[in-house]
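Below, subunit A partners subunit B and then partners subunit C, in two separate complexes.
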Partner chain A sequence: MKSKMKIKVSRKIIMAIIATTIAAVITGVLLFPVYWIITSSIKPYASLYTTRFELIPRQITFDAYNWVFFKSNFFLRLRNSLTVSILTTIFTLILVVPAAYAFSRFKFFGKDKLLYGYLAFTQFAGGLGITGLIALYAILAYLNLLNSLVVLAIIYAAGGVPFNTWLLKTYFDTIPKDFDEAALVDGASYLDVMWRILLPISKPGIATVAVFSFMGGWTEFIVAQTILNPENYTLPVELYRLMGQYETPWNQFAAMALLFAVPVVVMYMVAQKYLQAGLAMGGVKG
Partner chain B sequence: MAKVVLKNLTKKFGKVVAVKNLSLEAKDRSFLVLLGPSGCGKTTILRCIAGLETPDEGEIYIGDKLVNDLPPKERDIAMVFQSYALYPHMTAFENIAFPLKMRRVPKDEIKRRVKEVAELLKISHLLDRKPKQLSGGEAQRVALGRAIVREPKVFLMDEPLSNLDAKLRVYMRAELKRLQQHLKITTIYVTHDQIEAMTMADEVAVLSQGVLQQLATPDELYNHPKNLFVAGFIGSPPMNFITASLKAKKEKLFLVAENFELELTEDLANILKGKEGLEVVIGIRPEDLKFVNKSEGKIHGKVFMQEPLGSEVIIDIKVNDELIKVKESPDFRLEIGKDVWLSFDYNKLHLFDKKTGEAII
Partner chain C sequence: MKKSHRTWMTNKAFLLIMPGLLVFLFFNLYPIAYSVYLAFTNANFYNIMGKYSIIGLENFQKILFHPNTRFYYSLERTVLFVLTSVPLKVAFGVALAVLLNSAVIRGRALFRSLLILPWTLPAVLSILMWRGLFNMDFGAINKILMSMGFPAINWLNDTLNAFIAYNIVEVWLAYPFMMTVVLAALQSVPPELYDSAQIDGAGRLQRLRYITLPLIFRPLWFATILTSNASFQAFLVPYLLNGGGPARTNEFVILYGYKEAFQIGEFGYAAAFMVIISLIIMAFMYVGMKVGRMTSEE
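Moving on to the complex of A and B:
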């Protein structure tokens, strides 16, 4: 009996070791590109072009970061990206919150068709590709709206409305309607119900929409490159411009790419607890 | 303070008729209970009065005002929900103050009124807590406070005690009744618990499948139920029912059941004259049956089970295929399987038309 238990315990330990090893290898493979970018950003330019493989840099230098902060257009592009992303988030919330509230709480003519239409719209953007881009450019050129960060934010917000409305509407659905009804009986208007009751309870849902829309504005490249002129370029476009026709300063590229990722990482870490609740959309018990 | 009058109220959800042509009145300052099993339409009626549902037909009056087209906030009503619906992001103080804030009452006045209500409900020490920090009973008091602070014309309460444990429920029943009598506000209270209804109500409206069965005082409902449904719903344990038929023999009237016959008294026979051959249901409450000798017995059966409840014992007697419950004093005991004979006072007898369910006597 004891020997059988011993065998069971040993088998468990062996399985745990194997599973942990496999997980560590996979994690290593997934994180290796991040590690490579970090080390590339602190290596001298020349060492990136040698044939010698350096897992741990022999020489460390912050020349690339020095170039990013003091010689490049990083801060100008950062300002443009922040402008676009923050405006995208604001526009998205302005459009999505009342829409999600209406879809979640009210019955109206065509509601179901519109809701499922939203789902269909989320598939259109990817599917139309170049055609959509050309049409968008033509419309903006005709209306003399090219090269505007505000217009770019509106485009991003519009693109995010279907998905984010669905996301927030589903979150609102988990909040019992008793709260709305109690507030209505207490003397609140529908706007009061949304503003004073639903929104404060919906912080996780709102945070999720805010992070998704911010990231959408922060990382988008194609539309930004198409409609913006050089003085208004955002960080993704500036990064792309670093790639030369004949050579690319990979250390400077790596440094700028890392700095480009930092705000998103910080935002996620700050909003993490809200994001987990918002994405899980667990049931709310009254 | 105001009476509430419903006239021919009908509410449908698709093909389902939740409330059917209902008319009733809650008198000014009275405590009216809407009682019935789940799905009988009682909550729908309450929500129609509150303005949270729109009736398909009929009229609702609060005081003398027709309120059908008024939104909830203009009906001067306050509601306590089954789930309490306390706003989770607000403290108890803010929850109670919310209705006053919506009505733009000055801050000092809000503070004064909230404190007053908190003292009445003994929750002054809880005002800084959030709902998740409150027990069930405390949350319920805060929900009550939110309703009371408004000084409305009508209270609407949707099963407010159903989430409490049994002991707290008994305590809160008395508290709620005391509060209503103190505040003298017309109250309409929904419950499926007949003990709540019988102990708290001035009048009870018994409902089944959206139809009003009987509107009466608790005593009237208990002693003179209008039909089989009311008779079977009110009373714990419920009324015993035995199917029988009225037969005439030698100028006397008998109730003939499967294994016994009951000769009716002259008074009862006079009432039931002309109804010979009618299929009926005999109703008799457990406390109105007595164990007697064979010579005095009207109904014969065998002891099936005994349920001691502390203050009394319920004895199940098998009479053919039917089980009849008899209530006895707590130390009364019988052997299982023993042959027994039962008798009762004819004044306590109920008779119902088997076909229509309506009370005959």
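Moving on to the complex of A and C:
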């Protein structure tokens, strides 16, 4: 009896070892590209262009980062990217917060139709992207608004209006109406209610919208490449230029690409708590 | 009194909604409507500032019936990509979710957060990174192949190889989404169901067939519809890997429409092309969602 149990326990351990090893190998293979780009950024130029496969770098150098910081146009691209992303976030909040407040708290004619119109758009939006971009380019050319970082940020904010309004509206819905009704009875204005009561409680929801819109501006490629001229290119477009049009050394590309990804990864980690709370409460309710 | 209060509320609400709505309408809906109009014109890069004219159905005729049209080739290539990449994405996502869901694995939370990494990275970075890995001369993949004694493969400058590379990258980008959806569905299955089924004498396969599959079917279906849509609209993967080449042989529909507009400069023709493609996408999404709702209502 006792030995039978022992066999069962050790079989369980062996199973755990085998399964965990399989999972570790699969994870290793799947994440190899990320490992490779990180190590490439600190390998010397010469070792990249041999045919020998070098899993662990034999020599480490920060030449590529030196190039990014002192010889490339990284800071120009960074400035453009930050401008677009920060403006996108500001425009999004200006457009979305009042609308979400109205959708959550007021009753008015056509409210449901408008909300479902927004929802339908978020479901079909992707396919219409390039379709709309063709005319958008023509319209912007006609209005002489091409090659503007501000216009680009407005386009990003506009594209996010349906999704972000829904997200924040459903978040506001979870806050009891008694709060603002009590304040209204006490003589506060609707603006006071929104500014002093709803916004402070809704930090996770607002943070979610802010992070999403910032990331959207930071990572978008197609519209940026289409409407901007080279001097206004953002980081993603610059990365494509390095890799696609010029034969930039792979270690230099790797270094700039990683610097481009750092804010995204950091933001995910920092905002994860907020994001999850915001999405869980506001996300998929319908 | 009551009524005037309500009108005042309505006005206030519209005032709050208007800025977002107007910006959305101007930058999203108006361009789409305007593109539909451009589809019936001969607009191109040179006359786009206003001197183009309406030419009726000529663009549509050219796309659908002209002997040299690339429409059917591009559509065929795209559908082929959907048919290869979607089963791979689903199979991969399900397999990883099942693996991560098995209780015998240590450190499941760690594996999960590591495996989700491709999802958090910006797509532009990931795809360009893969472009480096696929490089014929110094890419990691060929280095590994050669160190194992295989010949180097010309990944991106060959129609079939590039198509295979697209599939690899697409699967890498999308498996975290599929895995997460399936894993959430698996974890929502109450364990008591398995226990009672086991007591009733159901074997491993029967439990999979009669408990697991029906319970994860609905989320898996919707995720598959969404990821099929993503494959059909693949743009960044072919564009950033090798521009849909070599020699325009791998230009999927969205990429073809984009290039016709912004590289060739044929705005009217490209708009007509994209109108047709948008109709196909909307029909597909509508049917997919309808079927999903019907089967889940049963």
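The working rule: the second predicted complex is superposed on the first by the 241 of 286 C-alpha atoms of A that agree within 3 Å, B and C clash if a C-alpha of one lies under 4 Å from a C-alpha of the other, contacts with A are read in each partner's own complex, and residues count from 1 in each chain.
Keep in mind that, in the parts below, a residue touches a chain if its C-beta (ideal position, glycine included) is under 8 Å from a C-beta of that chain, and two chains touch if they have at least 3 such contacts.
Please read all numbers here as calculations on a predicted model, not as lab measurements.
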Combined model on subunit A where subunit B meets subunit C, clash or fit: fit
Once both complexes are placed on the shared chain, angle at subunit A toward subunit B and subunit C, C-alpha, multiple of 10 degrees: 100
Which superposed partner A:L184 touches (first subunit B, second subunit C, both, neither): first
Partner chain in contact with A:V84 - subunit B first, subunit C second, else both or neither: neither
Which superposed partner A:I26 touches (first subunit B, second subunit C, both, neither): second
Which superposed partner A:A64 touches (first subunit B, second subunit C, both, neither): neither
Per-residue touch tally on subunit A - higher for subunit B or for subunit C: C
Shortest CA-CA distance between subunit B and subunit C [superposed frame, angstrom]: 5
Doubly contacted residues of subunit A, that is, touched by subunit B and again by subunit C: none
Of subunit A, residues touching subunit C in the complex: 12, 15-16, 19-20, 22-24, 26-27, 30-34, 36-37, 40, 48-53, 91, 94-96, 98-99, 101-103, 106-109, 111, 114, 121, 123-128, 130-139, 141-142, 154-155, 157-159, 161-162, 165, 190, 218-219, 221-222, 226, 236, 239-240, 243-244, 250, 253-254, 257, 260-261, 264-265, 268
Interface residues, subunit B side, partner subunit A - complex: 50-52, 71-73, 77-79, 81, 83-85, 87-89, 98-99, 102-103, 146, 150
Of all residues in subunit A, those that touch subunit B in their complex: 176, 178-179, 181-189, 192, 197, 200-201, 286
Partner subunit A, residues of subunit C touching it in the complex: 9-10, 12-14, 16-17, 19-21, 23-24, 26-28, 30-35, 37-38, 43, 48-50, 96, 99-100, 102, 104-107, 111, 114-115, 117-118, 120-126, 128-133, 135, 137-138, 140, 143-144, 146-147, 172, 175, 229-230, 233, 235-236, 240, 243, 254, 257-258, 261-262, 267, 270-271, 274-275, 277-278, 281-282, 285, 289
